[in-house]
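See the structures that follow.
One chain, subunit A, appears in both complexes that follow, with subunit B as partner in the first and subunit C in the second.
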Partner chain A sequence: MNIEQTVKRAMSDVAELSDCQLIETIEPDTLLLQSGLDSLGYAMLVAQLEEELGIDPFTELAIKVYPATFAEFVAIYTQGLELQND
Partner chain B sequence: MMNSAASEHCFIPIDASHISTVWHWRNSDRVRANMHYDKLITWDEHEHWFEALLQNIDRACWIYCQHARPIGVLNFSDTQHKVMQWGCYLGEVNCAPGSGLILEWAALEYAKQKTNCIGLDAQVLSFNTAALKLHKLFDYELMKIESGGMRRRDEQSELTHFDIHFFHYAMQKWQQHREKVLTKLPKPIQRGCQQVTFLSKE
Partner chain C sequence: MSSLASLLITRAVTPTIVTASQSFSLEWLLESAKLWREEYRHLKNKPLALIYTNSASFSVGLLAFDGFCSDLYLCSEELAESIEPGYQQLSITISSVSEQHIKQSKRATKLVQASCNLAGQTHTHTIATRWWLASSGTSGQPKWFSHSLASLTLSTKASPALSALCWANLYQVYRYAGLQVLLQALTSGATLVDGSSEDLIVNVKLYAAARVSALSATPSMWRQMLMTNQLLSLPLQRITLGGETVDQPLLDKLSELYPNASIRHIYASTEAGVGFVVADKLAGFPVSWLEQGVGSAQLVIDESEHLRIKPSHKLDAQLEARIDEKGYLDTLDQVRIEGGRVFFLGRASGVINVGGNKVHPEKVESVILSVAGVVQVKVYGQSNSVLGNLVVADIVINSHLDWSNISRSVRERCKLALQRFEIPVKLRQIDSLVVSPTGKLSRSDNV
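And then the complex of A and B:
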């Protein structure tokens, strides 16, 4: 499972746990705020991905401008995992 | 919590330089949708409102900055009273994950550490499920529910009825519960809450 699939699956899990309704199709340019996850769901997603992938790129990469879209969100995790493997 | 060093989650007092940014935020569909007043706001209306806000000693309005970038508003009214009212919104779409939780935390911490108030009140419209969930998670007390009237959520939808939920948080309770609430939050948010800083005007 690649990172994009991992994130999508985690979003689905978190949506169920946090009583959120994800939109039907999440595209690369889908705005995270319009994905169906709310603030609590989004926070739970980052926590779940930290457990699964072992990184919190938002802390570790000292992100200055946060992602707005799904593709930008995935790119941050990709970058974080690459750095971890170096 | 209060110091002069910038942090990832920093609150600065609103000033004249924010007038344009706040006008754009107040007029965004996403912010208007969850406000009591959901109509578009003209520049003149905004200018009058903004001037009054800056002059009003019974209000305290803070701009939420992430890495020095303004992203939203944390607003208190009735600050000269024993019970303050608060509200907030995120104006930008690309914010740190869980920024709404940071705002919830910051509101209670500000009230506890920077004021002498004994409680914090908040109102949430019934369709704003994200805010309702946050208030429940933080253990706000639901005081009453009143009819809010009718509203169209967007141009395509029909008019539907909504309620107003009135919440209260006693500061004494927050003093006792804050650590417990913190442990309920996802770890990245716990770290963020510990970085919350309110900068003074000086």
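And then the complex of A and C:
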């Protein structure tokens, strides 16, 4: 499973747990704050991805741009994993 | 004796409150306050629960009844339920304003007249109103602490530079932090923008249109603001963070975006009615403040590594048990000294701060323990980069029972009995929990 799929699946898991309703289709340019997850949902998503992928890129000082869209969110994880493997 | 209305008049400030569709001048706020006071004149010297609806209406209520009622309980609808039933409850809603009431042009004579009317009443009859603010108590039930206008406005200042600011308030105005922002905006003659949408992106657009230059929010809210991708559309000069521990990466990110803005993080205790400001863009506060004090407050760290604070004003009598012989209040905030700074580690009581919301582990534990098959439970915070902390529960069940059934029941029970931010995001099955010799759950032994 690639990172995008992992994030999407984690989003639907978290939506169910946190009683959020995800929008039907999440596109790369979907705004995170309009995807259906609220701040608690995102907090849970970041915690779950940390368990699955072993990283929390938001604790790193290196984040240059805060993610606003789904694609940016995925990119931060992709970048984080690349840095880890370097 | 001073009241909020006479304080604004003495300072000769003219604050304005702006919503998506309307603008309320001080003249209008004072005139409305006068009408409300006349209508409710029987409340003189009596307690009143003022229920928040929006910033302009709430300000009218504060201007009308401070210096008039004996006590003002600042409430949401929900908090009002915990108030003595005999007290008058008042929810002021100013949704549509008739033409004659909107006076955008601040005609001096009118303003002076409106001010004098209220101030006249204030000067002759003013009483020292006790302002009551709710803090969540140990059982999760709200606990009320009294303040005075003097203590609440102690750190507010007025100057031409401050009056030119345009504030947005992301806090609940009936809580300590939100009230501080409202009072700062009012008493400095600034503009306050009231964004009432549930959607942060909609609010940020309103803030951008209104040219908001000063914004106060919790670190979690700031992270969300960063996620809107529109934060830079605000011409921010003054960035304020509070309500949660502030971390260095967030301070760095904000100072990178706004290199010329003043970035201040505020440590405030609702109970003590005191706060101090750290403005050097570094997390924690300088260790030298333990010697020198800060503002009018003195600080010490006790042998349990709790921060103790001694404000210049008198503390609420309910806090007596936590005040030492020298007058220092135990804030129950655990701190650590490192590299010349004092850092906050969390609440000694185990209270978990989830994005500025306080969660009492004992309350969550009692809900989980009510599920059949649960033998022991420990609820604690797990640090999280989005909301500061999330709630996690370690659960011991009867060994012959099925974990998946019990964990499902626990989730269902929690959904019924708890608020969303209180529900554990993770349930872990464990074999046993550490219990102290006195039979209490060991809270220091977190994962």
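Following the convention adopted for this analysis, the second predicted complex is superposed on the first by the 82 of 86 C-alpha atoms of A that agree within 3 Å, B and C clash if a C-alpha of one lies under 4 Å from a C-alpha of the other, contacts with A are read in each partner's own complex, and residues count from 1 in each chain.
One rule holds for everything that comes next: contacts are C-beta pairs under 8 Å (C-beta built on N, C-alpha and C of every residue); 3 or more make two chains touch, one makes a residue touch a chain.
Because the structure is predicted, anything quoted here is derived from the model rather than measured.
Trainee: Overlaying the two complexes on subunit A, which is it for subunit B and subunit C: clash or fit?
Mentor: Here subunit B and subunit C cannot both sit on subunit A without a clash.
Trainee: Which partner does A:82 contact after superposing on A: first (subunit B), second (subunit C), both, neither?
Mentor: Neither partner.
Trainee: So in the superposed three-chain picture, is A:24 touching just subunit B, just subunit C, both, or none of them (first/second/both/neither)?
Mentor: Neither partner.
Trainee: Among 128-136, 290-298 or 398-406, which stretch of subunit C shows C-alpha clashes with subunit B in the combined arrangement?
Mentor: Clashing stretch of subunit C against subunit B: 128-136.
Trainee: Using the superposition on A, tell me which residues of subunit A are in contact with subunit B and, in the other complex, with subunit C.
Mentor: Touching subunit B and subunit C on subunit A: residues 18-19, 31-33, 39-40, 42-44, 46-47, 56, 58-59, 63, 66-68.
Trainee: Flag every residue of subunit B that touches subunit A in the complex, lowest number first.
Mentor: 30, 66-67, 69, 93-101, 129-130, 133-134, 137, 185-189, 191
Trainee: Over in the complex, which subunit A residues touch subunit B? Could you list them?
Mentor: Answer in residue numbers: 18-19, 31-33, 38-40, 42-47, 50, 56, 58-59, 63-68, 72.
Trainee: Sort out for me which residues of subunit A touch subunit C in the complex.
Mentor: 17-19, 31-34, 39-40, 42-44, 46-47, 56, 58-61, 63, 66-69
Trainee: How about subunit C: which of its residues touch subunit A in the complex?
Mentor: 199-201, 220, 223-224, 226-229, 248-249, 252-253, 354-355, 382, 384-387, 390, 415, 420-421, 425-426
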